[in-house]
Amino acid sequence: KESGAKEQPNNTAGITAKELRIATQPIPAYAPIFVAKKQGWLEDKLKQAGVTVKWSSFDAGPPMNESFAAGQQDIGFLGDSAAIIPKAAGQDTRIVGLCAAAPQGLAIVVPKDSKIASAKDLKGKKVAVVKGSFAHHLLVLVLKNNGLTVDDIQFLNLSQADSATALAKGDIDAAAIWEPLITRLEDQGTAKVLVDGTGIKKGLLVIVATNNFAVKNPEIVKEFLLAYQRGSEFIKSNPQEAAKLIADEVKISPEQLVKILPKFDYSPVLHDDDIQELKLGEEFMRNAGIIKSPVDINAFIDSSYLKAAGIQ
Amino acid sequence: MPQKEQSLRAAGMRLQLRPRSLSIVNSLQKVKLMKSVQFVILPVLLLVIWQLLFEIGIIKPVTMPPPTKVARSFLELAGNGQLLKHIGVSILRVLEGFGLAALTGIVLGIGIGLSKVLDRLTDLLIQVVKPIPPIAWIPLAILWFGIGEPSKIYIIFLGAFFPILINVLDGIRQTDSKFIELSRVLEVSKGKFIRQVVIPGALPAVMTGLRVGLGVAWMCVVAAELIAATQGIGYLINDARQLSQPDVVLVGMITIGVIGKVMDDLLKRLETRLIVWKTTYAGD
Amino acid sequence: MPQKEQSLRAAGMRLQLRPRSLSIVNSLQKVKLMKSVQFVILPVLLLVIWQLLFEIGIIKPVTMPPPTKVARSFLELAGNGQLLKHIGVSILRVLEGFGLAALTGIVLGIGIGLSKVLDRLTDLLIQVVKPIPPIAWIPLAILWFGIGEPSKIYIIFLGAFFPILINVLDGIRQTDSKFIELSRVLEVSKGKFIRQVVIPGALPAVMTGLRVGLGVAWMCVVAAELIAATQGIGYLINDARQLSQPDVVLVGMITIGVIGKVMDDLLKRLETRLIVWKTTYAGD
Amino acid sequence: MSGTFGGGNLTIQGINKRFTSRAGTVSVLENIDLDIHSGEFVSIVGSSGCGKSTLLRVIAGLEEDYEGVVVLGQQPISKPGLDRGIVFQEHRLLPWLTVQGNIAFGLKDGSKTEKDKMVQEHIDLVGLTGFEKAYPHQLSGGMAQRVAIARALINRPEVLLLDEPFGALDALTKIQMQQEILRIWETERTTMILVTHDIDEAVYLGDRIVVMSNRPGTVKRIVPVELPRPRDRSSYEFVQIRKLIFKEFFTETDKPFVYAI
Amino acid sequence: MSGTFGGGNLTIQGINKRFTSRAGTVSVLENIDLDIHSGEFVSIVGSSGCGKSTLLRVIAGLEEDYEGVVVLGQQPISKPGLDRGIVFQEHRLLPWLTVQGNIAFGLKDGSKTEKDKMVQEHIDLVGLTGFEKAYPHQLSGGMAQRVAIARALINRPEVLLLDEPFGALDALTKIQMQQEILRIWETERTTMILVTHDIDEAVYLGDRIVVMSNRPGTVKRIVPVELPRPRDRSSYEFVQIRKLIFKEFFTETDKPFVYAI
């Protein structure tokens, strides 16, 4: 405490906030930040600057966005689509880094004993997906690759949880979902993967900060990215330990987590192909009428914080 | 008693009344106008304040669009026929779910209200199932009825059923014991007793139940249309929420509100039709 | 008239009654037992059928777990104190939201019920806002009150407020015009009129409103706890739903049901305490 | 309809009735013994609150918790029945039924036209022609009471219990109704038990007059009226009986005062 | 309380009152003119349904839609007020208030003990000592009516409108209540308007007796009773007036019949 008070003047350059408010969802895609949370890294670092950390957990994108809009969050994690939608609606945010890429963390699944063998068989079938999610994009891409469009299937806008139930009961023929539901359904023996994002969609998830916060607190954002990076490395080197550490945060057993974590490439670095992928996502949503006004992805992304943190 | 003087005075009173009654006609029109103004003043005021807050920048458009934007969205949705389509689908669902709930609620309510055995048989189940919210039923509804219409109807039904049942029961339990004695003395048949004593006596409560039930049914549309819907006013709201379109969310909310009010008015009118024997208080 | 003979006969009647009344005591116990059985027979039967359907494989455990599994989950959650913690949090929220709704609903209901001006001023707004479901309010609630307790309380409040308000209004509007005349004749003060005529007359309706409102408040807990909650019985359900744990969903549902029933019973008891002057029908 | 059972004597034996409320227990009826033979006309008088209505309710089978027995014919009474009609002290009209509907309320089987005819006859009988479609709240107090009388009469019960049925009627209507009741009594041989505050009425109608005492209600005295019918209200014997009843009545009070009859 | 305004004469002038229902319009009161001077005791008799209660309601200010004027003192009446008390034909007790509560209901200002004392006095006055805490459903018909009388009396209104207040009372209680009303009338000089079916009562109490005709209700005749008080009900003059009223009454009916008085 004493030293913290002493050091404060040095840091005030990039810190004006007294609090860092982090919005998360309890899914393994954000595992590094849960490692950091469990280890208390961020708290330790920011305590010196007199900044406290407040964690909020949401079970879906929309309430998280609403919370951002209400000015109650500073930094959060979202799928690429879920980040672009509010941006198009006027949300004052920027992407400060990537949280993960996981082509395998995104898949179209069918019931275990389904006769559907390839994506072509989806024609005329009932397929559930969360509208506007990156799984929605995957579905469209898979269909396109097989010479189909959304009009060739029965499109159902269904939440992840309800898709699981509907699959188990056989009410739908397929669902486009993401982790951890894919592994859970596979383990339950309810469903199998028909096709995942490999080579089709990278399944990007991004770190978003509000412009106001990012501009006034570059130091905090930097520390945040560093902590994330540290978590990411921890997972790479100690997957078993990491799984045990964050199991209760994401509500998945360590055994399942060990299977899921390798599907994710946890690196905050934004490569050019990632940016290209985001642009494709934006284009898709514009064409599908999911967003009404275009989003300039180049302007949306701000890599300066990564650079400042020395993460490449 | 100077009788003549008195009657003259009284006649004078009557004469004096005439000019007053003329001015009454005038002021009646004024009163009527004032009344209409009173009906809309508060909502209009709120709209104006809302718009003003937006104009001076206190409300940000991304989170709470101004009335003008909501109005534009409304016109757009109404213009391309989308809104009407959603409304039609939702009304149909509400009517189906509510109709089912009204039927079973009234029949079961009368049965349980009249038979203590039935009451005891069903009491625990009703009491425990009643407080479970429609949203919590969605997983089971999907399980039992799939993701098609039936599960939506079921959610709406559940929501409307209990208010109706409880009000019917309360109405029956409040049957005046004096009329029960009368019916026992006259050995009135069970059927006649139900038709001519219990039901008319419970009618005000039943109508209240129907009105509350219809309200809840409307509410449950949103919950029900969370289930894999591709149409309906609840779907419109859910969809808009997913796509961060608060203006469309507001259009949906207001639409639900207006239709709910119209439905309630219809039920109220039915009520005054049915209950002609009452002389009650309407405030002053 | 052979008076003596008659009185003897009558005395005989009385004597004959004795043994019968003894057997009545016996059969009263039997009746009591049968009544208790009736209370539980239906729920028990349902549980047995449910378990049987599972045993013979018609219900798949992954989607609809058997009662035994639900019971195990219940014991587990109850054992580690989790359930109690969630219950405590939710009850507190319900009490806060419901308390607020009861207060404002009764006060506003009396105000609007008594004043036609207030009625006209608020009518349109109430009518249109009333049918909007609590879930639809969630986006705005987050916006206005954040993701903390206030927005949850607001959702619960909204759900409970309208049933209470409407029932209070109905109760007041059903004040017997005879008592209004009486109060006018006696020039009873407005305050006394409200306290001694309107409120006691509306009390049964108010109590119904409170009971319905409490039920809806309980329902809204699930909706309210969709908002970034980390505790509460609604959170438990939502969470279990996300994690495909239907047994925990069922534990949550049944818990809500049982607590809802207990709360309703408390209100019912309050009702019989408050309304001592009534002689009504309880079915036969 | 009834009357076929004829000879159904009414035996009231050792009736004790208490009411328990928060304030404590009040004994309302004590040791009431009364034998009323079939077709008899009995008047009951007694001061306000002495238990007359309660006694009628016991006979009607509406009270559950009392000591003693009431036997009609061979049958002990345990519940209400069509063999015993009652006109309650208040009219008890169903507010949602018209005059017609209220009178038809207790009517059993029979074709629609037959029923309608009977209802109309009874509406005429109580002088409410033209008010068939009126609702109770559109009637005057006396009119409502007459509807209640018609409703009780229409079933022609074996025993008719009348609880101050003419209390709200003007002198003329009252006399007309008394005549009607007498006519029905004579033609149908109905057993009539009439509670009244009008001693003149009690003497004019009753074969016997039961005078009840107050708190607890007991049978204080039974006065036979052995006058031929139609009775002359100004005859010496009539006036004598009237005086007798008044005397019985007035010794009841703690602070007796003079009243010239 | 009141009485200070004294000399408030009551002028009823050209009252016409119709009721419109689905069945059509009925004229209930036609051209009622009546001057009642302050402190006068007027009895009103008339057959059932002739409009007596309606007339009282007009005077009380409870009817809105009628022709004509009622003036009390200098003030035309347009709404109810404490200067005119009324005992309704039915008791109208609030079911959720005890006897005490119902009587205190109309009581204005004053300290708690003062009020309690007044309430207790009036409970005693109507002979209901011991029933202070009883609820209306625990009272007999006559007891309920006495509570209603006490409630109207306790405010000592300038004008007291009594709609068959003693209808449900036994002969003795009725006479006691009549004495009480007379006593209050004499000490307070209240203007009394009493609707009654008991012609004896009308003559015993009234300074004048208004006989109303039926359908539509008009003032048929006003009979002055110029007998000193306390009146002797068996005096020659008393019986003469009684006979006169009866005659007025009976010529009213279409099918007159003989009634020996």
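Order of writing sets the labels: A, B, C, D and E. Residues in every chain begin at 1.
The rule is simple: a contact is a pair of C-beta atoms (placed from the backbone, for glycine too) under 8 Å apart; a residue touches a chain by one contact, two chains touch by 3 or more.
Just so you know, these numbers come straight off a predicted model, no measurement behind them.
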| item | value |
| --- | --- |
| Partner chains that chain A and chain B have in common | C |
| Chain pair, most C-beta pairs within the contact cut-off | B-C |
| Chain whose Cα centroid lies at the greatest distance from that of chain D | A |
| Most distant chain from chain E by Cα centroid | A |
| Geometric centre distance via CA averages, chain E-chain B, whole Å | 45 |
| Distance between chain centroids, defined by C-alpha means - chain B, chain C (Å) | 19 |
| Chain A and chain C: spacing of chain centres that average the CA atoms, whole Å | 42 |
| Residues of chain E whose C-beta touches two or more other chains | 90 |
| Set of chain C residues in contact with two or more other chains | 63, 139, 143, 241, 246, 278-279 |
| Interface hub residues of chain A, defined as touching at least two other chains | 62, 66, 69-70, 161, 165, 169 |
| In the complex with chain E, residue positions of chain C that touch it | 178-179, 181-182, 184-188, 192, 196-197, 200-201, 203, 275-279 |
| Residues of chain A touching chain B in the complex | 61-62, 65-66, 69-70, 85-86, 88-92, 128, 130-132, 155-159, 161-162, 165-166, 169, 171-172, 290-291 |
| Complex interface listing, chain D residues touching chain E | 19, 21-23, 45-49, 52-53, 89-90, 127, 133-134, 138-143, 146, 163-164, 167-175, 179, 197-199, 232-234, 246, 249-250, 252-253, 257, 259-261 |
| Interface residues, chain E side, partner chain C - complex | 60-62, 79-82, 84-86, 88, 90, 92, 94-97, 101, 105-106, 108, 135-137, 151, 155 |
| Residues of chain A touching chain C in the complex | 26, 56-59, 62-63, 66-67, 69-70, 72, 160-161, 164-165, 168-169, 181, 184, 188-190, 251 |
